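The same subunit A turns up in both complexes below, where it pairs with subunit B and then with subunit C.
Moving on to the complex of A and B:
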């Protein structure tokens, strides 16, 4: 059987909104890939994921980033969502691209690890890893441009793919 | 549900080498494109060369943010270009590195048929079981509203060429 991406759902915004949510995610895949091509209403926003509406302090992340003039790294623990550096510009001329690999998302025995690559050509390039400390299968993913501030602009696109192991 | 990670074309460099690897007449039927490449050039005065990426044979409108690291630096570095004639920064192996080692390069090109500017993501490594080795990640922009119909990979310096067994495969990905 060929191994590849199978599209689960795509959302292209017709108007600005703060959060994009994929819900009722089927548990029939091995991994998920979430691809975002987006701009935001406020510059300098981070890219955050939250799973199954869990607002508890159950997330942590480490990010390596380059601004074009300097490299930096940061990490945080016991946060209320995953984190990634500025990855979405305010202009449609420089959309940010984020690729998230959500590994073994449907298992109910281990915590969930997310490998992330963020690209904003006019801002920063970054690589990150996040952890959600839950043994629940991921059935819902909410994507925000920094919690509580800034909207995703109209035209931003969010696509969720499923990948099956051989 | 259909598998939508579809191989479109593969190029493998033969014994005579090749100045570049190019995909042309790319169909417009996908949402995103992905290139996975294994690259090595015939350079002998350096262990690394930038892979140059251009679209539609265009020589303008490119910019990058890059983050890189190698075994000789204690901390990684970052660099940027704007108004460039290509996307560079992602590294590939050369003939100065360990024999039979090739780069591992991945280029993700979302929304390549849109009329917006094109943002891309590149990851590249040149592990050789020696030093120096390089890893780089690049956020690239082609400020052009044209649909991408061709992609060319080439060593940064025109006198260089890809050696035999360098290869690249272009995949198409659909979001529905």
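Moving on to the complex of A and C:
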């Protein structure tokens, strides 16, 4: 019976850090799922992914969000990382939970599209789709709370899963 | 910076956020279709009824500006309903339709070109229960650096039969191009 869903790696922070990186990701899966349960040192931060250390303006994203009083949608183009707004958490007691689905991450024909669900109970619930304009297989994922500011707090957890198709 | 070496296949036992339900033996790959040349339909047949839920994960490169739709058991009658919550980058909006002949699993009408695919995940819950109709939920999207949409959809099949086949195609007409990928998984209960 083919096993479809496997944990690849987990890290739980023992101290605050700006970036968490999964490297040497094997290309043997079909999809990747990245689950983040995290708080940040600065409230209301974005949730950002960067692939293969690409710092160029090769990313874009579209977000749908509900704040508790209104629904909204926004977009950014030619960014230096993917973005999912204000789900990173506001304190150690209200972690943001983000699940990222990185589909067909190792194919070398298409750009990489990521669909995301973010839940930050003190702030908003959101869904997002992000694009990385590269046909390279993804071998490294760096996760930051906003660009250039904010740390992930101690106790934040990041887990990477691989899904194998039949 | 924390760096995790995946070469060592580390696993430290975090089973929060439903991870336990997606344990390695609970999520089973059933079938996969990788499109090598353009096709008009993708079909998964003879789906066993031994799982609790089904999940379809797809990356579709659409030759025509059509959304991706789904039908069950060859039923082309007006036995479906659908709702969606969509974000197109400037506004959020909802849609609902009753008495449909299919439901949409991805809403943005775009001729996705290589290398820009549309992607989605479809959960078909309690698909083999013959006491109630079948409901599916979807998360899907497309982004092309300046355009795109993210969609949260639901679909209803008003039939109590167990789902044994799934058909996927573009909404009106058109080809699903090469390099598209559709995978079916079964999720077991305890």
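Everything that follows uses one rule, which is that the second predicted complex is superposed on the first by the 163 of 166 C-alpha atoms of A that agree within 3 Å, B and C clash if a C-alpha of one lies under 4 Å from a C-alpha of the other, contacts with A are read in each partner's own complex, and residues count from 1 in each chain.
What we mean here is this: a contact is a pair of C-beta atoms (placed from the backbone, for glycine too) under 8 Å apart; a residue touches a chain by one contact, two chains touch by 3 or more.
Since we're looking at a predicted model, the values are computed, not measured.
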item: Room on subunit A for both subunit B and subunit C (clash or fit); value: clash
item: Residue contacts with subunit A in the superposition, subunit B compared against subunit C; value: C
item: First, second, both or neither for A:123, with subunit B first and subunit C second; value: first
item: First, second, both or neither for A:150, with subunit B first and subunit C second; value: neither
item: Touched partner set for A:159, first subunit B, second subunit C, both or neither; value: both
item: Touched partner set for A:99, first subunit B, second subunit C, both or neither; value: both
item: First (subunit B), second (subunit C), both or neither touched by A:6; value: both
item: Which superposed partner A:131 touches (first subunit B, second subunit C, both, neither); value: second
item: Touching partner for A:77 - first (subunit B), second (subunit C), both, neither; value: second
item: Touched partner set for A:69, first subunit B, second subunit C, both or neither; value: first
item: Subunit A residues contacted in one complex by subunit B, in the other by subunit C; value: 2-7, 10, 35, 37, 64-66, 71, 97, 99, 117, 127, 157, 159, 161
item: Subunit B-facing residues of subunit A, complex; value: 2-7, 10, 35, 37, 64-71, 92-97, 99, 117-127, 155, 157, 159, 161
item: Subunit B - residues contacting subunit A, complex; value: 1-6, 31-32, 63-69, 75-80, 108, 110-111, 116-117, 119-121, 123, 137-141, 143, 173-176
item: Of all residues in subunit A, those that touch subunit C in their complex; value: 1-13, 17-26, 30-31, 35, 37, 60-66, 71-75, 77-78, 97, 99, 101, 103-104, 107, 109-111, 113-115, 117, 127-131, 133, 135, 157-161, 163-166
item: Residues on subunit C engaged by subunit A in the complex (per definition of touch); value: 1-7, 9-14, 16-17, 19, 22-32, 57-59, 61, 85-92, 114-121, 139-146, 148-152, 179, 181, 183-185
